[in-house]
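Right after this note come the structures.
Two complexes, one shared chain (chain A), two partners (chain B, chain C).
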Partner chain A sequence: MFHWLEKNPFFFAVAVFVVIAFAGLVEILPNFAQASRPILGAKPYSTLELTGRLVYIKNNCNGCHSQLIRPFKSETDRYGHYSMSGEYAYDRPFLWGSKRTGPDLMRVGNYRTTDWHETHMKDPVAVVPGSIMPAYTWLFKNIADVDTAYAEQLTVQKFFAVPYNTELPMADGSKVTVALADTLEGARASALEEAKVVAADMKDQAVKDAVAAGQVPEIVALIAYLNRLK
Partner chain B sequence: MNKTVLAAIIVTIAMLGFTYAAVEMAGGLDKLIKDGDWVNMLAILGAVILVIATTFVVTKYVRQMQNDTASGKLAEETWDGIGEYKNEPPFGWFVLYLIMIIWAIWYFLAGYPVNSYSQIGEYNQKVAEHDVKFNEQYKDMDDETLKEMGGSIFIVQCAPCHGLQADGINGQAADLTARISEKSVKYVVLNGSNSNLMGTSMPMPDRNGLLNSNTSALITDAEIDAVSKYVAGGLTGTEGADVFAGTCAACHGADGKGMEMVAPNIAQMSPEMVGMVLNHGKKGAIGAMPAFTNLTEVQHKAINAYVASLSQK
Partner chain C sequence: MENRPLEYDYTVAKLFMYNAIFVGVAGMLAGVVLAWQMAFPQFNYILGVNFAEYTNFGRLRAIHTDSVIYGFVLSAVWSTWYYVGQRVLKVSMAESKFLMFAGKAHFWIYMAASVIIVIGLQLGITSSKEYSEFEWPIDAGIVVVWVLWGISIFGLIGIRREKSLYISIWYYIATFLAVAMLHIFNNAEIPTWIAAPGVGNWYHSVSMYAGTNDALVQWWFGHNAVAFLLTTPIIAMSYYFLPKESGQAVYSYKLSLLAFWGLMFVYLWAGGHHLLFSTVPDWMQTMGSVFSVVLILPSWGSAVNMLLTMKGEWQQVAASPLIKFMVMASTFYMFSTLEGPIQAIKSVNALAHFTDWIIGHVHDGALGWVGFMVIAALSHMAPRMFKREIYSKSLLGTQFWIQTLGVILYFTSMWIAGITQGMMWRAHDEFGNLAYSFIDTVVVLHPYFTIRAVGGTLYLIGMVMFAYNMYKTMTSSRVVEESELQNATPMGA
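Take a look at the complex of A and B:
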């Protein structure tokens, strides 16, 4: 058989394809499983949350923090319910991370507050003695890129049919609609509305002033994103 | 004698020599036998066997490379004059290979992961086993153990905000070494409260609903200042005591220890109250605290007892 294949390059190529395609199949097929569909309660990111997600990626938070709780008792005790495939349905790309230098952040919104994040980003050691995380003071000065986040929202809505402006059922029986603005101006305005809610719980006067003046500092977007991780 | 064999013998003798030297440096074989140190004797035996086996195998294959000629049936096709043998695989290998294929098919279809194993299943089983053991072991804890357990949960779950000393890290969170701060009393009097501290939503009115029965008028700014200091100070002193008696005592009791289903204890932190905060979260003078519902019943009991004990020294 093998000698015959060696003498027939076309069929040899077909055989090579079949062998390699098997590996692809193993990777691709599970993504069509029911478990990979958005689970009940999964919802797309709002404009400000997605802006914060971009800040998260830009500062490479995923280099030290994972977003994947493994089904081990020690992890679920500390971080909450183990992660499920369908929870990442709207993550593009997913931010599982590969190494935990810092703690997992998959459900950090459940047990940390806006106020805590603010103090922590300014001076991590103030709230976590012995922490090796550096201070991220520039987040308080830099203005976040809401426009790119909006572009990303439009893209995923168009190409992946991410359900914006659609009623989504939540686990507790309620319905949630994540709004997506029609225009860039609308998106900026809605991000600012979200930012005002976050800034109201913050202490930094410069950040509050910036939000009042219609700007969204990166820290506000990042905290909106972190609070959303549940 | 063949050069290769000669080299092998020399290498073997040299290596065994090194081994001997190493054993001598460690005190000699006699000492090992006297100490009954069989682990190290096994190691020496292993070293000797390894030296001999390695030189034997290497010699065999070096000689084979020198002397052996290829044999077997050539395939018809050649590539630029380079031919290929059509030898059958060795029988033993062939059988092993066949068994592996059959096993792999069984493994994919009937064994892991399709039927017999689930990671989540294992997790659930492990957690259930652990819970049974845990609940059994800590069924009747004395106060000491309860607080110890609470203390270690506190470090993981509470310390990031309340601090390792439970002092609230410069106002970041509530200072748990005292029942209530002056700032919080003032906030509650000014804004009213509905913190689920009674387990039900039992709203306390804001300052426009708080009558001082001593003066028969609404509570004034000066009175608020005085009573805040008084309550934060643990209901001691004289200043503010009359305001407390006239305004707060009606619901919170003359001793500040609260009334069931009416008002919480503001003199002391009780385990029940800590539990209410953990279950419902809280929003007050300092900011919002999320609810912590990820703890087991026993852990809840422990953390409640621990936190309550912090302010009762």
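Take a look at the complex of A and C:
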């Protein structure tokens, strides 16, 4: 049979393809319907949080920081409850990372503050002596891309039925609604409102001035995202 | 006329060879900068604080990985395809104007995409998926490049004179098919302009998969991108260049059959080992572990077949730097494909995952196996393409030892770093509290990061020597006759 295949490239290619595709069919497809269901308490990203998530991706934070807490005592002691699949239901793309040059950030919002992040991003060594993380000073100057985040929100709402403007039950019995604006102007305005809350806790005058002037520096969006990781 | 030997046309093979050498040096330089950044963070500001946005570790990391995988290795793979393909199929590229055009289009569209990718990554345009960072316009461009390569493969096969496909061709076909499948599924994404035309960046897109599913597809891709870009085409090279260079027949046809079909079936299952103890279903994690261990069989099948091809001819290892590179490559392949399955065992993975041991594993494979095989392949081809001998044998031999030392420093330091950090992360004191804060586990790695950076620098120095040697080979070394190009590659002192 193999000699025959080696003389018949078409059938050879078909045979190779069937053999390599087999594992994907068995392993990957069956899980799809199941695993993307949100867990109780999971909520979609707000405009500013998603903007911050794009900043996180743009700067490849996931290259050094994981967002996946494994079910070991040493990990839950350090980072909090181990990760559950439904917590990631609104993560497109996933940001688990593959390397912990720095610590896990899955629940960093539970134990770090706006102030801590601001100081740390400007000069990591000042907060964590011995840190090998570089300073991210440009985040304080660059203006974040709120528009693309809004476009992403519209996309996931339309194609994946992500429940914006819908009452969602939380684990403590309360209800939360994540708003999505009807217009780009509305989205910009709501992102700015969120940004003002973050900027109020910050010290950098240039950042405060930018927010007061109606702009959202990247650092503000990023901190909004990090604060929501819980 | 009919009795003259075929004149093969290496136009496209040469183009890809130039790029492989250039990007090889550039991509490894980026890697060396990254290595020094981890040892001494001030290298993040290597062009000053104002440029740190573009020179920091986060931005450079993808440029390093993508340029060595898709620039250096893939160019070398295609260079060998446009060389080996003609030879084992007994047909010349010059016989088909169409295939020649497709081959040139393949190269130039690939080059255009490469330039856009590097600029984009430098600006922070990324989908965040490792080794698949490109946004949808580039993903579409990659499909075009891939289809053009497919046209070349099946076009040359279509007009072949040798009816039976040689082992190397099996592996090129497998590379083509598997990467096509992986690329399309992993990059299934929805451009945001569909739902929101004119809002935000037109090139932005959203992954079709969320969370755990996205991770599954990504590592099914990520693991097999390693398999089908850094393994199968390299095996294709070794099945062609080792027998050619040594003048020995491949040790066992049956072993090559077993290794090929075994690898095809088993490799795709093993992606789950990147997701052990994650939120991926447990049975998949176990399958990932089990199949990773099974993977030793077909991997060692190829490697053993290579090494036994040298049976009775081991004096050639001492005599020829090319044989040295290839035998060392096969040895590193065995080594790396044993190390990988060990890391895929759940209890080992609990320690190794997220640490530098994984980085060490990647690099003993990439530098020792892939890099060495590519260097040998390019060195074998150059005298036959340019009709000149290798400029300097002693330079090539020195390069071999410098690079071997570099790889050894690299993986030994990363073993120690990874296991040290993994052990410190899980250490508890007598009251059950964590014994170390995270930063303790970073500071302790400094000496190993430094050793790794030295190892990487040595490998880069070897690459620069290689680039110089190849440049001289192409331009000014002694012209050789066809009769000198039988087996062992002719080399100057």
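As a convention for this text, the second predicted complex is superposed on the first by the 196 of 230 C-alpha atoms of A that agree within 3 Å, B and C clash if a C-alpha of one lies under 4 Å from a C-alpha of the other, contacts with A are read in each partner's own complex, and residues count from 1 in each chain.
As a convention for this text, contacts are C-beta pairs under 8 Å (C-beta built on N, C-alpha and C of every residue); 3 or more make two chains touch, one makes a residue touch a chain.
Remember, predicted model here, so these are calculated numbers, not experimental data.
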Practice item. State whether A:Asp123 touches chain B only (first), chain C only (second), both chains, or neither. Key: neither
Practice item. With the two complexes superposed on chain A, say which partner A:Tyr111 touches: chain B (first), chain C (second), both, or neither. Key: first
Review point. Between chain B (first) and chain C (second), which, if any, makes contact with A:Asp204: first, second, both or neither?
Key: neither
Exercise for review: Mind telling me which of the two, chain B or chain C, contacts the most residues of chain A?
Suggested key: C
Check your understanding: First (chain B), second (chain C), both or neither: which does A:Gly80 touch?
Key -> first
Practice item. Determine, under the contact definition given at the top, whether A:Thr137 touches first (chain B), second (chain C), both, or neither. Key: second
Exercise for review: In the overlay, answer first, second, both or neither for which of chain B and chain C A:Val19 touches.
Suggested key: second
Check your understanding: Where on chain A do the contacts with chain B and the contacts with chain C coincide?
Key -> 3, 6-7, 71-73, 77-78, 128-129
Revision key, fill the gap. Given the complex, residues on chain C that touch chain A span 37-38, 41, 44-45, 49, 52-53, 56-59, 61-62, 124-130, 154, 157, 163-165, 170, 173-174, 177-178, 181, 185, 190, 192-196, 199-201, 204, 206-207, 209-218, 220, 257, 261, 264-265, 267-269, 271-272, 274, 277-281, 284, 287, 291, 350, 353-356, 358-359, 425-428, 433-434, 438-439, 442-443
Practice item. Can you check the complex and tell me which residues of chain A touch chain C? Key: 2-3, 6-7, 9, 12-13, 16-17, 19-24, 27-28, 31-32, 35-36, 57-64, 66, 68, 70-75, 77-78, 83-85, 87-103, 128-138, 142, 145, 147-152, 154-160, 184
Point to revise | Complex interface listing, chain A residues touching chain B | key: 3, 6-7, 71-73, 76-78, 80, 82, 110-116, 119, 126-129, 201
Practice item. Spell out the residues on chain B that touch chain A in their complex, using ranges where they run on. Key: 75-77, 86, 119-120, 122-123, 126-127, 130, 156-157, 160-161, 163-164, 169-170, 172-173, 286-290, 292, 294
